[in-house]
C-alpha cells in the first residue's frame, strides 16, 4: 500500500499534518508532531529517489483519472533529488526550531509557526512532484502564503515590511506564471506538462507560446530571486526568524530553480528555449552579474544575515549559470548545487540563529570573540563558510568543480574563470565574519560570561548539516549519481510516454 | 626498516598521512598535561620518520607503491603514488619535524606561549597534509591537500593573536587562497578538460596535439597558482607569515609550506608538462626570467631588512626561485639541482631560523643591528648560524654547494648565460646579507660606540633548542660529504639526471 | 448581441480601472474595485461562466471589499502624494503589455469552437463527465473529481490564509465584556431587517452547498454566503454577540476539520485500494462512489471556507473595535 | 477587420491587466497596492474565461437541447484562482494593519525613511 502511494505521500503527509498540528494546540505537541511527520516524509523522499533511480519515472494519477484529464504526480530522479534535500532540511530545521523559536516568537504563536512550516513544506513538495502546470500554481501559492506568514512572525517590525514586499513581489510572480500557463493552455488545450511538451507547436502559434514562455520565466525568476528581481530576498531573509531563514534559504528558492529547470527542459524543450530563443545568453549574463554584484554587496553589509542573504542571491546565480550552459554537465552542476547549497546555507543560517539566540544580535560586531565563547557554533560556521568558498573536501568544491568542468566543456573559458573569481569574493565576506569571531575581542560592555554554547537541540541539526557538508564533499557518489541521471532524464525526456495514456484511450 | 616489514607497502602511505593526523588528535586529548603532549608529538614524529624511511627503502629497491582512496568524481579519485621526488621531500620534511619538535618544546616553554595545544595540533595537521602532498598521485589530490595545508597553517601564523599577527594572517590566507582558487584550480580543471586525466605521468600528460598557446597560458597559471612558491609579485605572504612563532617559521615557512610550493611546481613541470614539452612553450622563458628577477630583487630587499626573520624570509623567497628557475630551465641537470635544493636549502635555512629563534628566546633581540658581539655569549648558536649561512651561499664544505653546482651546470647546458650570471650575483648578495651577521657577532666587539644594552645577562638558549640547531647545522656538513643517497634518489626521477641528457 | 454586451462591459471595466489609478480617496478606490468585481462577474455570466461569476461576486465584490474597508477604517482613507517618478513603471508596464499583445497575435479567434483549447482535454469533460460522474454541472465534476487535487490545494490555501491572519492579528477573546460602541443599536430598522434576512441567507447557503451538483454553486460559494450571513449579524449586532454565537476557537477547529474531512475521503479511497481521491472506489457502483465523494468533499470545502472567512472577519473586526475603543 | 473582431477582447483584457500592474508598482499606499493586485489578478481571470468561451454555446451544465458547451476547465481553474486571490488579499491586508500599528503609516515612502532600507 505504501509502495503504491509513495509519490503522493511526501505531499499528503505534511498537508494533512498541518491542520492536525493546529488542533493539537500545545507548542511542544505540535513541534514533536511536525518533526515526526517531516522525518517520515524525508524517509519517503529517500525511497522515492531510490525508486526513481532504479525505475526511471513514477507516475501517480490523483483521483484515478489518467492524465491529461486528471492531475498527475510525476517523480523522476530530478525532483526526487531536490525533494530529498527539501525534506531533510525541513526535518533538521524543525528540530532546530524548538529552542530558536522560543526565543524569537511569542509563545502563543508557536503552534501557528509549526502549522505554517508544514504548509510550506507541503507546498514545496507539491511544486516539486506535480506534473500539472496549474496544480503547480496552487502549490506555489500554498507555500508562498505560509512563507509570508513565517517571515512576518519575527518580533522585529521590519519583518512586516519585508513580508509585505515579499507578498507583493511573490504575487506578481505567481500572476505572471498564471498568465503564462493560460497562454500555453490556450494554444495547446492541455495543462499536463508532458502533454504540453508534446503539443506545443511553435509553427502554429509561436508568438503566443513564446509570450507564455517569457511570462513563466519572469514569474519564476521573481520566485527564485534571479538578479535583478531579487529585491525582496535580502530583507525577507534578514528580518525573518532565524529558523525560518534557515529553512527558506535552503529550500524555497531551490524549488523555484527546479521549476525553471522543469519548464525549460520538460515543457518547452531545451532546443526551443536555448536554441531558437537564445535565452541561455540572457540567463548567463544575469547569472554572472548576480554572482559579482551580490557577492560584492555581501562584502559590505554589516548584518550577517544580510551578508548571507546576498550570498544566496549570488549562489543562485551559480545554479542558473549551470543551467545556461546548455549541457548535461551544466544542468547536473546546477542540480548538485541546489542540493549542496541547501546544506551550506542551512548550516550557516542555523549558526547565525544560534548566535542570535545567545547574543541577541547578528550584527558583525556581535560575532566578536565568539570563537572562544561558542566554539562549536563557530566551528560549524567556519566549515560551512569554507564550503561556500569552495574549499576542497566540502560540498562547495564539488559544485564548483562540476560548474567549471561544464563551462570548460563548452569552451567557455571566461565563464570558468569568472566562476572561480566569484569565489574570491566569498573569501572576503566569509573571512570578515570569521575574523571577527576568532581574532577580535568581545567588547567589555557585554557580559561575556552569559554567552555560552546553545542547547544541543540546536547544535545537533547544525552539525548534522556540517557533517553532511563534509560527507558529500568526499563521497560524491550519491549526489553525482542522482544529479547526473536527473540531468540525463531532463535532456532526453521527450521520448517518454505520457503516464498511462495509452491504456486510457 | 624491519619495523614496518609486515605491512603492505600501500598501507605505508596511509600510515604516513594518518600518523600525524592521529598525533594531532592525541595532542588534543593530552592537552591538559604538557609533558605527555610533547612526548606524543616527539614519538609521532619519530615513528613517522621510520615510516618514510621504510617507503624510501622500498622505493630504492625499485618497488612501486600506489593507493587509491575515494573516488571524488567519476574517474577522478584521491589517489596516492610514491615517486622519488616525493620521497625526497617526505624524508626532508619528516626528519626536520623531529628536530623542530625538539626545538619547539624548548621555544614554546622558553617563550611562555599561550595555546600550545592548538599549536602542536595544527603543526601535526600541517605535517599530515605535507605527507599527502608528497605522495599525491594526481593533481586533484595535490590541490586538495595544498589547500588543507594553507588552512591548517593559518592558525599557526596568527598564533600570537595580536594585530600584527592578524594582519599577517590576512595577507597569508588572502594571497594563498586566492591564487590557488583563481589560478591553480582553474589550471587544474583546464588540464582535466584538455587531457581527461590528472595523473602524474613520467614525461607529462600534454603532448604535441595540444594547443601551444593554451599550454603557455596554463604554465603561467600554474606558476602563479602555486602561490606557495612565492614568485614575485605574489611573494608578500611569506614575509607576512613571519609573525608566526619561530618554530613555525622554521619548519613551515622555510621548509614544509614553501617547499610544498616549489615541490608542486617541480612536480607539475616534470609529470604534467614534461621537460621536453616545456622547452617549446613561449612562456617558459618569460617565467624563467621572472624567477631570475625574483632571485635578485628579493636578495636586494633582504639586505635592507634589519629584522633578522624578515631578512631570512626574503632570503627564502630568493632561494625558492632557484628551484623554480631550475625547473623552468627544462634541463635534466637543472631539475636535479632544483630537487636537491629542496633538501639542501631546507637544512640550511632551518638552521638559520633556529638560530634566530634561539637569539630571540635568549636575548629578546629581533634586529640584526642589535646582535653585535653576541658571539661571545651564544657561541654555539652563532657558529651554527655561520654554517647555515655558508650552506645557503653555496660554499663548500656545506650541503648547498651541490645544488648550486648542478643548477649552474644546468643553466650552462641550456645556454642561459643570464641565469648563470644571476646565480653568481645572487651568491654574492647572499654573502653580503648573511655573513656579516656571524662576523659581527664574533669579531666586531669594539665598535667604539657605547652599547645601550649589555650581554651580561644573556646565556645560550634552552638545551632542546641547542640540540636542534646543532643537529641541523651538522646535517649541512654531512650532506656535503655524503650526498650520494639523495643524488641517487634524484636520479631515479624519470627524465631527471645529474649526468645530463646523454 | 452577446458580443456587444461584452464590449460595453469591458469598456466600463477599463474606465473603472483608469479611475482607480488617479483617485486618491481610498474609500472610493475600494468602492470602485467592488464595482470592478461586479462588472467582471457580469462579463463572466455573459461568457457562460456562471459558477465563476457567482464566486467573483461573492468574493471580489463581497469579502474582499469588506476586508479592504475594514483595513481602511484602521489606516485612513487618503492616499498621500508620492514623490517617486512614474516613468520607469510606465516603461515596465508598457513592455509587459506589448509582450502580451504580441502574444495575442497568434491566438485563435475569440469564441471559435475549433480552437485547440476546446479540442484536446475539454471534450472528455463535456461528453463523458455526465456518464462518468453522473452530474449535470460539468464545472463541479471537473472541480471535485477530475481536478480534485487542485481543489484540495485551494482549501489548503484558504486554510493557510487563516494561519497567516491569525498569526498577524490574533482573534477576539471569547466571553469578553460587550463593548458599548459596537453594533448599530440606533438603527432599529436595520436590526429588524437583519433579523429577517439572516436565516434565509443561511438557508440559501445550504441550498447552494447541496445544489452545486446540478446548478451553479458548491461548497466554496456556500461557505462564503454563510460567512456573509454571520458577518451581517456581527455588523448589526456587534462583534461580541457574533463571537458568542460562534467563537473563533471553534471556527479554528472547523477550518481544520474541513480540510481533514476533504483529505479523509482521499485516504478512504486509498484504503479501498484506489489512488488518492479516487471516488470510484468509494462504493460498489463507480457513479455512486463519485456522488458520495463529491458530496463529502464539497462539505469539507464549505466548512473550511465558512470558518476561515468568518474568522478572518473576526480578526479584522477585532482590530477595528480595539482602535475604536482607543 | 475580422482579425480585430476576433481579438479585441484579448486586447482590452491586456489593457486591464496592465492597469492593475501599473497600480501595483506605482501606488504609494499599501492598501491601494493590494487593490491594484486584485485588479491585476481579476483581469487575468477574464483572460482565462475568454479562452473558455464558445460562440453559440451555453454554460457547461447539461441542459436539454444544448449541444455546444463552453469549456469547463478554465472555469474550474479560475474558481481556484479566485480563492487564492482572496487568500492573498486577506494576508496582505492583515500585514497592512500590523504595519500601521508598528509604523503609524501605510505610505511606502514614509516608513522607508524610518528604517534603514537595505
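Labels A, B, C and D are assigned to the chains in the order they are written; within every chain, residues are numbered from 1.
We adopt the following convention: a residue touches a chain if its C-beta (ideal position, glycine included) is under 8 Å from a C-beta of that chain, and two chains touch if they have at least 3 such contacts.
The structure presented is a predicted model; accordingly, all values stated were derived computationally and were not measured.
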Number of hops, chain A to chain D, where each hop joins two touching chains: 1
Selected interface, C-D versus A-C, where C-beta contact pairs are more numerous: C-D
Taking each chain's C-alpha mean as its centre, the one farthest from chain C: B
Nearest-to-centre chain - CA centroid comparison: A
Chain centre separation in whole Å, for chain C relative to chain A (CA means): 31
Mean-CA-position distance for chain C and chain B (Å): 76
Intercentroid distance (Cα basis), chain D paired with chain C, Å: 13
Whole-Å gap between the CA centroids of chain B and chain D: 70
Interface hub residues of chain C, defined as touching at least two other chains: 100, 104-105, 107, 115, 117-118, 121-122, 125, 147, 150, 153-154, 157, 160-161, 164, 168
For chain A, residues that touch 2 or more chains besides their own: 134, 138, 141, 145, 148-149, 152, 179, 185-186, 191
Chain B, residues touching no fewer than two other chains: none
Interchain contacts, given as pairs of chains that touch: A-B, A-C, A-D, C-D
Residue numbers on chain D that touch chain A, as the complex places them: 17, 21, 24, 30, 33, 37, 40-41, 44, 47-48, 51, 73-74, 77, 80-81, 84, 87-88, 91-92, 95-96, 98-99, 102-103, 111, 115, 117-118
Residues of chain D touching chain C in the complex: 2, 6-23, 25-32, 34-36, 38-39, 42-43, 45-46, 49-63, 68-80, 82-91, 93-98, 100, 106-110
Complex interface listing, chain B residues touching chain A: 70-74, 143-144, 147-148, 151, 158, 161, 166, 169-170, 173-174, 177-178, 181-182, 185-186, 189-190, 192-193
Chain A partner contacts - residues on chain C that touch it in the complex: 99-100, 102-108, 115-122, 124-125, 145-150, 152-154, 156-157, 159-161, 163-164, 166-168, 170, 252-253, 255-257, 259-260, 263, 266-267, 269-270, 274-281
Residues of chain C touching chain D in the complex: 6-7, 10-11, 13-14, 17-18, 20-21, 26, 29-30, 33, 36-37, 40, 43-44, 47-52, 55-56, 59-60, 63-64, 67-68, 70-72, 74-76, 79-84, 86, 89-90, 92-94, 96-97, 100-101, 104-105, 107, 109-113, 115, 117-118, 121-122, 125-126, 130, 136-139, 141-143, 147, 150-151, 153-154, 157-158, 160-161, 164-165, 168-169, 214-216, 220, 305, 312, 315-316, 319
